[in-house]
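Two complexes are shown next, each including subunit A; its partner changes from subunit B in the first to subunit C in the second.
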Partner chain A sequence: MSYEAWILIIGSMAGITCGVVGCFLILRKLSMLADAISHTVLLGIVLAFLISQSMNGLYMLIGAAAVGLLTAVFVQLLHSSGIQEDASIGVVFTFLFAIGVILITIFADNVHLDVDHALMGEIAFVPFDLVQIGFLPPLPKAFLMLASVLIINLVIIVLFYKEFKITSFDPQMAAAIGIPVLLIHYLLMGMVSITTVASFDSVGAILVVAMLIAPGASAYLLTNKLSVMLLLSAVFGVIAAVVGYYAASYIDASISGCMAMMNGIIFLLVFLFSPSKGILSKRLPQKKLHEQIGK
Partner chain B sequence: MLNPVDVKNLTVAYQKKAVLKNVTFTVPEGKLIGIIGPNGAGKSTLIKAVLGLIPKASGEVKIYNKKYRAKDRIVGYVPQRGSVDWDFPTSALDVVLMGRYGHVGWFKRPSKQDNQIARECLEKVGMEGYADRQISQLSGGQQQRVFLARALAQDAKVYFMDEPFVGVDAATERAIIDLLNELKSQGKTVLVVHHDLQTVKDYFDDCLLLNVETIASGPTEQVFTMENLHQTYGGKLAFLEQGKMMVEQK
Partner chain C sequence: MNSIMLMLSDANTQWVLVGTLLLGLASGVLGSFALLRKQSLIGDAVAHAALPGICIAFLLTGERSLIVLLIGATITGLLSAYCIQYIVSSTIIKEDTAICLILSVFFGFGIVLLTKVQQLPSGNKSGLDAFIFGQAASIVGSDVKVMAGAAAILVFITAILFKEFKVITFDPEFAKGLGLPIGFLNFLFISLLVGVVVVGIQAVGVILMAALLITPAIAARYWTNSLSKMIVISGMFGAFSGVVGTMISALGQGLPTGPFIVVTATAIFVISMLFAPERGIIAKKIKQKIYYKQLNEAGTKGRVS
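Our next item is the complex of A and B:
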């Protein structure tokens, strides 16, 4: 497959998996926690590398999921002991991230693991980093990572759809009917963690937040159904990746940067023009009503 | 006969401050019970502690003489309307369907029958015409009815309702109280956190007067007295004047 095709496929897969997971973050008002986790997974990756002495994707996913969950647990602990949630997030996230940065500079200086790369990612190199598994032809590592994570995320969401839905809408009622609210919360945090790691190589830790939050935020403005929101969010993720790639080649700029920017542009358009919740559509009927009453 | 709700020496604390202290009461079956007390009396906390949503510092809660377990599905819960985000992308019918989730089991979707039950419950609260309406497009009273329909869909024996009458219009209030009486006539027990002292005598068979501790509990005509209200509300005069009128009226 061509270089271009791989980038489009990998970008789109990151768009889908981030978009779907991101919807639940938005509905649970956890966008900032995603930001935190997208940074602290760096520590997980470094630890996985130091312990396994390899850049094996599986170890990275495990390390990231562990530290991502740890982030969520620490935030929860601080919050429940009376510290404001945003402050808890700020403290936990910078602390764990800092440890990650320190470990990288001490131990892992000589490998393909540097802070810049982790933060910014570079999808342009992704098609060259191939691995061979079994009888399959050599495939880009990022593709295999994203494919696994995408499948894991989709399976979890399909299996626990009603649990995700009710714990997002009304956690008290959910707990009262015996749904393990905290477990579902940590499950989601685990999904965010592995999603972030899988998207790391391609878009980096900072821009992955754009892919997690923006498509869901756009979809939220367009529909009143959760299932449609998930679907739309995935579609926006793909559009942003594809259009972003071509925009990047046209203006010769960072591909991941353009993909993230497209997410922002899509959101802006929806924000303005959404038929039910857009700024313009909210204004127009009021004007009409005003005229009708005037008659 | 088994008591639907039996609470002994329940104490709940946030950090060091006791929100509920040694609360003890029992509730007879098939009655409407008002939980009455000033702001900060621990009324919502009591419900949450009984349902195991927040940890107890000490004490014992029995539902039909057994420790409360969600999977027994005998308790229905109506949280305060303001506790959820009504902009959530879902329809009225979908919210009612959530009442069936406890019956559905892991990995399964609500069945056609669950859907049917949810529709019937919407009908019982007079909201059948709004099944597909997005919940943010409903009025406060309609949202409260949807919450009640969801509780009905749980098909429980004991219901805990947290301020179902707050912010609803007179018609909805009437509809809710009719529904509560219907539940009662089916032998169900309904505990309602209630604020409006004027209607206590009309609505409730029994009362629990609460202010961190149990002030009184029992049949309304016995416990809804000026003296008990005085104890419950302390020096809050506006309430007391109103309460005095209510007590003397009957």
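Our next item is the complex of A and C:
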């Protein structure tokens, strides 16, 4: 497959995975926790590298999932000791991220792992990093990582769709009918962590937040149905990735940055023109009403 | 020890230390209000949103003058704060999602512009990347004057409006009843918050600036229940973290400053959380134990008699 096609496929897959997971974060008001995890995943990746001395994707996934869960646990601990939630998130993620940056500058300075790469990703190099498994033709590493995470996420969501839905909208009822709310919470946090790592190589730790939150936020303004929201969010993720790639190659700038910008533009369009919840569509009936009253 | 003495006698280091000290002070003071108003994370979004402003200012003027860059950062920072409030007030989207959305999209835009800046012949030496993680070593004497002046103005305005800010923080309804211009005061506070974030990004960097607003303030909260004392303590913690973090990062070659300031601040926070009298975890445990003991004694006495 051509170079361009690989980038488009990898970007779209990141868009789908992030978009789907992001919907649940928005509904459960956990967006900031996702932001925190996307930062602290850096520490997990650095630790995995320092311990295993290799850039093996599997170690990174494990390290990142562990630190991601640790972030969620720390935030929960501080919150339950009486600190308001936004402050607990702020303290935990800045600290873990700072440690990650310090470790990178001290130990991992001259390897492939550098801070800019971690932040911005470099999807342009992803198609060159190939591995061969069994009889399959050589495939890009990022593609395999994203494909496996996408499958894991989809399987979890399909299996626990009802549980996720109820805990998102009515956690009290979920607890009352015996759904393990806490387990579902940490399951979601785990999904966020591995999604972040898988997208890390391509779009970077910070911009993955845009891919997680923006498509879901746009979809949220268009529908009241969870299944439709998930679908729309995935579609927006793909559109942002594809259009973002072409925009980037047109203006010759950071691909992941342009993908994040496209996500922002899609949100802006939906925000203005959404038929039910958009700014303009709310204004129009108001105007009509005023005119009628005027008559 | 010797190397520390040597470092402290260096004129540039002294400048940098003064700069980070004042910065820590100002962010500690404003961070206390932000924390109590539950607006700490808006500071995070504003800091990320400063990146495109810095790049636009550089692209337009073509020179790396701190004041110009800071003006650019202030404009996009204020714009981001305004966008967040507009999205929250006009749609069903909640504040945390709006913050995340604006933060990441603005930062993405900043990264796009940064790649454009680096393609310029003058861009590679511009050192704009230093703004991402903060590089206090890149601060020079004239920068410190700008930083110190701005920090002093911010603290001064906060001191003058202390009473007004106190009222709108704790009892906005009462403030309305008093006839205070709430809309204006809220706007002013956000502007001050943007100001301190913008001043701090050169030393601490856009990603970790939020820590300087949140961590000293939350640490100070453990030591007192009075707002004025909390602000003073938080300012001192912030100043201390700024100085110590800068010194540690100056000991090694090319170490970023921001992360060390954050780690120092977090250490102060952990110490406060454990050892603060009354509200600290250990003090609480001891109190609990004494209480249970008294309860037990009372119980056994009751049974005996």
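The rule we apply is simple: the second predicted complex is superposed on the first by the 292 of 295 C-alpha atoms of A that agree within 3 Å, B and C clash if a C-alpha of one lies under 4 Å from a C-alpha of the other, contacts with A are read in each partner's own complex, and residues count from 1 in each chain.
Criterion: contacts are C-beta pairs under 8 Å (C-beta built on N, C-alpha and C of every residue); 3 or more make two chains touch, one makes a residue touch a chain.
None of the values given here were measured: they were computed from a predicted structure.
After overlaying the two complexes on the shared chain, residue contacts for A:D170 are found with subunit B alone; subunit C is out of touch. After overlaying the two complexes on the shared chain, residue contacts for A:I99 are found with subunit C alone; subunit B is out of touch. When both complexes are overlaid on chain A, the residue A:L207 reaches subunit C alone and has no touch with subunit B. In the superposition on chain A, contact is made by A:M229 with subunit B only, not with subunit C. Once the two complexes are overlaid on the shared chain, A:I179 sits against subunit B while remaining clear of subunit C.
Ranking subunit B and subunit C by residues of subunit A touched puts C first. In the superposed model, A:K162 lies in contact with subunit B only, and not with subunit C.
When the shared chain is aligned, subunit C comes close enough to touch A:M261, but subunit B does not.
In the overlay built on the shared chain, the residue A:L221 is in contact with subunit C alone; subunit B does not reach it. In the superposition on chain A, the residues of subunit A contacted by subunit B and by subunit C overlap at 220.
Within the complex formed with subunit B, the residues of subunit A that make contact are 27, 82, 159-163, 165-166, 168-170, 172-179, 220, 223-226, 228-229.
Put simply, subunit C touches subunit A in their complex at residues 35, 38, 40-41, 44, 48, 87, 90-94, 96-101, 103-116, 119, 129, 132-133, 207-208, 210-211, 213-215, 217-218, 252, 254-256, 258-260, 262-263, 266, 269, 273, 281. Across the complex, subunit B meets subunit A through its residues 15, 48, 51-53, 69-71, 73, 75, 77, 79, 83-85, 88-91, 95, 98, 101-102, 104, 107, 109-110, 134, 136, 150, 154. Residue ranges of subunit A in contact with subunit C, taken from their complex: 26, 29-32, 34-35, 39, 81, 83-84, 86-87, 89-91, 94-95, 97-99, 101-102, 105-106, 115-116, 119-120, 204, 206-207, 209-210, 212-214, 216-217, 220-221, 248, 251-254, 256-261, 263-264, 267, 271, 277, 279, 282.
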